[in-house]
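The following blocks contain the structures, represented as C-alpha cells.
Each of the next two complexes has subunit A plus one other chain: subunit B in the first, subunit C in the second.
Our next item is the complex of A and B:
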C-alpha cells in the first residue's frame, strides 16, 4: 500500500533535456572531460564501463518561487536547483536539473547560507500535499511563470554546453531535442521503485511519475536521464527511418540516409546500464509494456536488412566489374 | 542492495582532508602605503595587535574546552596590487618587529596567492562557486540577476534609463537587502574589473583568503595553498614571485587552516570585511570539505557555526 499523502513526504522532481552533440565526430573521453569541465576546481566524472559516460560537476541555481499545485494553493519555496550535464559515448548530450522538496521548519525564508548548505534542496515554506505538487508539476506544460521550473535551468545549461568552442556545430544527422519531466514520491515501506506512468504529450513533453525507495535525488535523476536517453534514441531512430523512405526503391539514397544511424546511434542502446538495484524495477516495467527494447530491436533489424538488401546489388556490380 | 563489484576511480573522486587548528589568527595585512611609512608604522601596528592577539589565544582556550588550544598566526603581504620592497629586505624586518612586540608569525602569505597559487586559479574557482541569493519570484527561468563582475546582498534599484526608453518616467525604488531587519543595508561588491587584464578586487581576494584559512578550498579534491618552508640552505629571495605562496616560518606551528578565523585589523578594513561577508554568504563551498570539518569538530567536541561567514571573527582597532 502506498503511504498516506502528507505534506511531510519528500518529493523529488526534475527535468531532462536530450540532444545530439553538434559535432561531426563523437568526442573522445579526453575532449568530453574538457567539454563538461563546468567548474574548474571540481572533477568531471568519467566512466568507461559498460559504455563511455561523462558527467559534469553539479551546478546550483537559487530559486525563491511557488511550487506547482494541481488543485490547492501554491506554497512559496526557497532553495537551490541542482543541474549537471551528461555525455554518453561522446555523442548524446543531456542536461538534467532536479530538486528535492523538503518541508521547512519555519514559514519564513532563512539566511541564504542555510540553503547553500543543502545543495539541491528546495524548502516549501507552507504546508502542502505532496501528491498535489507532483500532479501540478507533471500536468501543466508549460509551467506558469513564477512556478519552480527545473526545465528552464536544464535548457539554459544545454544551450551553454552546445555553444562550446570544442564543437564544430556539424551534427551527423538531423534530430530534435526531447524534454522529460519527472517527479518521484517515496515508495511504500520495503517496496522497490515503480513507475506509475510515462506520458508523451502532444507538444513532445514526456512526463514520468515514479515511486522510489531511494532518497538520493542524483540517483533518481540518473535513472530519469537513462529513460530520457533511450526515449530520445527511439524517437530519433523512428524519425530518421521515416525520413529515409525505407522501401522507396532508391537504394543509394536510402543507404546514405541510414549510414549515420549505423555509425552513430545503433551501438548506444543499453537500458539500465548504470541504474542502481533499488531502481531497476522501473526498466523491467517499461520493457514489458510498451517494450522499448522490443521496438528498438525491430527497428535495428529493419535497418540492417535494408543495408544488406541495398548493398547486395552493389557488391554484385563490384564483383562483375573486377 | 548488493555490494558494487566493479568500480572506476575516475567515477568516484576523493577529497583530501586537512589538519585543522582551533583558530587561525591573522596579525595583519601589509600594503605599500604602510611599508612606506617605515618600521615605526609596523612597530605601532604590532603593539596595538598584541593585546587582542592575547585575547584571541584566551578565547581559543575556551573554545578548545580546556585542552591546549591550537592557534596558528598568519600575516598577509600585498604583492598583487603593488609590488614593493623584496622578501629578502622585508621579511626579516617584519618578523623582527613582530617579535619585539611579543608576537610570532607562523605563516606568511602573498596576496597574489589568493588569485593564483601553484598554477591553480583560486579566485576564478571561487567565483564559479558563487550561487546568488535569489530574489522573490526567481523560478529558474532567468539566469542569476548578477551584473557581470558584481555581487550584491539583495535587490538593486531598477536601472533608471529602462523606464525612460519606454517613454515614461519610472519612479525610483530603493535597493533592498535580502533578509533585512526592518531597514536595509544594501551592499554591491565589485568582484573584478578588466583594465585590460582581469584584476580581482581586494574584498574578493580577502574572501578567498578566509576560505583558505577555514580549510574549505580544494582543487579537484586536493588541498591548495599548502604551506611550504624554505629549505635550510635556501635564503629569502629577491622577488616576491620566487617566494612560496604560503610560507611556513615556524616548524612547530599549529596547522594553517582552522575551524574559525580571527583577524586583527585597523578599522579602515571594516567595509572590506563587510564585503567579504557578502561574498562568503553566497559561496557554495566544497561539500566534502565542509563535511570533513564538521566531522573533525564533532570528534573533538567543538562547535563550529554552520554558516561560513559566522566562522570569521574580527577585531578592528582604531587607527589608520
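Our next item is the complex of A and C:
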C-alpha cells in the first residue's frame, strides 16, 4: 500500500453533506431502498441493527483538476471521486464523496480506462507534500474553482436524491445542512486512529484532520459519516431548542415546537455504532473532549423536563373537565 | 414560504420595501433569507448596510451559483456583518436574517435547463432551512421572472407555498404598467400558464403593494391651498377607481407604503431607532411596513378573491 516514493504519503480526503430528508414521515426500509437505488446494476445495502441504515451503490465522478495546497503550488491530478448516499432511520440523509490520492507513475495523463480501473483513486501528476495538500484542503475558506472538491460532488448527489418523487418535500421542522470536510494521513507504525483536529466554522462547515492505520477511503468515510451525522443532530437540536424559546415562551407554543424533536430526532443518537474496526479511537477522544454525548444527553433531558412540566397543567385541565 | 418581489418598473421601492419586510419578519421570530435576483443591479446588500458587498460580491454570488460556477452561493449573516448600528445586535427572540447577494459583474443571463434545475434545488434547500425566503426579482418581465416561473412550475415545488408581491407606485402610468406586468398578454400569469402553472392558483398567489403613496389627509398637506388639496383627493379617487377596474383593487391589495423620504433617499432598513429616537422616519411608514410583514404570512389576506 505504501507508495514507491516514501516521501509521498497517501492522503485520503472527502466531504460529507448532511440534511434532513424532506418528507413528512420517515421512510420505511423498503422505500428507503427505492430512494437510494441510484444504479440499476448494483444493490443497495440495508442494515436494520442496531438502527436502520441504507447505503446507495457507489457512484464515480471523473475529475481532472488541481490539488488544493496551502503552499501555493497546486499539482494537477486525474482520477475518480467515489460518492454514495446514506439514509439513517429513514430520516437523515447524507451524501459522502471521497478519494485516495496515490502518486502517479508518470507525469502525463493516461487514458480514462486506467482511472476507471481504480475507483475512488485520484493520481497527482507531480510531486506534492501530503501535509500541504491536507492543510489546503481543510482551510475553512471555500475551495477555489478548478480544485479537487469532493464537496461539490456530494452536494450534487444530495440535491439529486432530495428531488426524488418519493419525497413529499414537507420536512417536519426547519433545519440547515452541514458540511464535514475531512482528510486523513497514515498513522504512525502500530498506532491506532486518532483525531488531530475538529473545527466548527461558520456556515455549517466542519473540518476534521485524522491519522488512521486504515487505507481504505470508504472505511474512513464511514467514520466521518458517523461524526457528521451526530454533529448534525447536535447542531439541529440546539437550533430547534433555541427557536422553541424554551423556558421563556408560553407553554403550548413550546410544546408544539418541541414535538417534532421528540417524534423525529431524539431516538437517532447512537455514536460509534457503525464505525469500522481500527477507527473507534476517534469517538473515544471526541466523547472526552468536547463530549458530544454529554451535551446531547443534557439537551434531551432538558426537552423531556420541559415536556413534563408543560403537560402537567394540561392533564390537570383535562381531568377537571371530565 | 417563497416570496417573490416583482415590479413593473425600476424606482418602485421594491428592493427597499421587501428588505424591510424581511427584516420585520426576522424581528417577529421567523428565520428569513433574502435572495438578490436583481441580476442587472444587485444592491440588496446596500439596503442591509453590509460593507464590501453593496454592489454585489466579487465571487460566489447568486449569478455564478445559478450558472454552475459555484457550488455554494455566498451567504451573509446580516446580524453579524451589517454595519448598521441597530442591526449589529440581534434582538432576543428574533430569527436569523441571511442575505444571498448577487455578483458584482452579474448582468442578465440566458436561462437553460440546468439553470432552472439549480434554481429549484436552491429554493428547495432554502425553504427547508428558512421560514420565509424573499426573492427580489429584476424589474419588468425579466429573465429572473421567467426563471422563477419555470422553477415554481416543477413538480418538486408544488408542495411549497409561493406568494408574489408586485410593487408599483401610486400613479396612473404605474397602475397600468403593474396591471400589464401581471395580467397582460406577456404578463406573469400568462407566462406562468405557458409553463404549466394553474391560472387561478397563480392569480390568487399574487398581491399588489402600493409604494410611495401620498396621503391627501396627511398633516403634511394641511397647509396647501384648498384647490390643491381638492385636486389631490380627486386624483386619489380616480386612481382608486382605475385600480379597481384593472383588478388591482382592495381584494388584491396587500399593503400601502406612504411616501417616505428615508425610503426614497436613504434606501435602507427603517429601524425603531429611526422612528422613535432620531425620528427621521415616520411612524406611519413603520406601521405600514409592520402591517405588510404581518399580512404576508396572514392566510386570510391571501384568501380574498
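We take it that the second predicted complex is superposed on the first by the 311 of 322 C-alpha atoms of A that agree within 3 Å, B and C clash if a C-alpha of one lies under 4 Å from a C-alpha of the other, contacts with A are read in each partner's own complex, and residues count from 1 in each chain.
Everything below uses one rule, namely that a residue touches a chain if its C-beta (ideal position, glycine included) is under 8 Å from a C-beta of that chain, and two chains touch if they have at least 3 such contacts.
Predicted model, so just to flag it, every value in this text is computed and none were measured.
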Simultaneous placement of subunit C and subunit B on subunit A, clash or fit: fit
A:162 touches, of subunit B and subunit C: first, second, both or neither? second
Partner contacting more residues of subunit A (subunit B vs subunit C): B
Spatial angle subunit C-subunit A-subunit B, Cα centroids [nearest 10 degrees]: 100
Touched partner set for A:80, first subunit B, second subunit C, both or neither: first
First (subunit B), second (subunit C), both or neither touched by A:171: second
Which superposed partner A:217 touches (first subunit B, second subunit C, both, neither): neither
First, second, both or neither for A:145, with subunit B first and subunit C second: both
Touched partner set for A:68, first subunit B, second subunit C, both or neither: neither
Subunit B versus subunit C as contact partner of A:281, first or second or both or neither: neither
Superposition-derived minimum Cα distance between subunit C and subunit B (Å): 6
Common interface positions of subunit A, toward subunit B and toward subunit C: 145, 149, 151-152, 156
Residue numbers on subunit C that touch subunit A, as the complex places them: 29, 31, 60, 69-72, 75, 77, 93, 95, 120-121, 124-125, 128-131, 155-160
Residues of subunit A that touch subunit B when the two form their complex: 38-43, 45-49, 60-66, 76, 78, 80-81, 97, 109-114, 116-117, 119, 143, 145-153, 156, 276-278
Subunit A partner contacts - residues on subunit B that touch it in the complex: 1-2, 6, 8, 10-13, 120-121, 124-125, 128-129, 131-141, 143-144, 178-179, 217-221, 281-287, 290, 306-310
Residue ranges of subunit A touching subunit C (in the complex, touch as defined): 19-20, 22, 142, 145, 149, 151-152, 155-156, 159, 162-163, 165, 168-171, 174-177, 202-203, 243, 245, 248
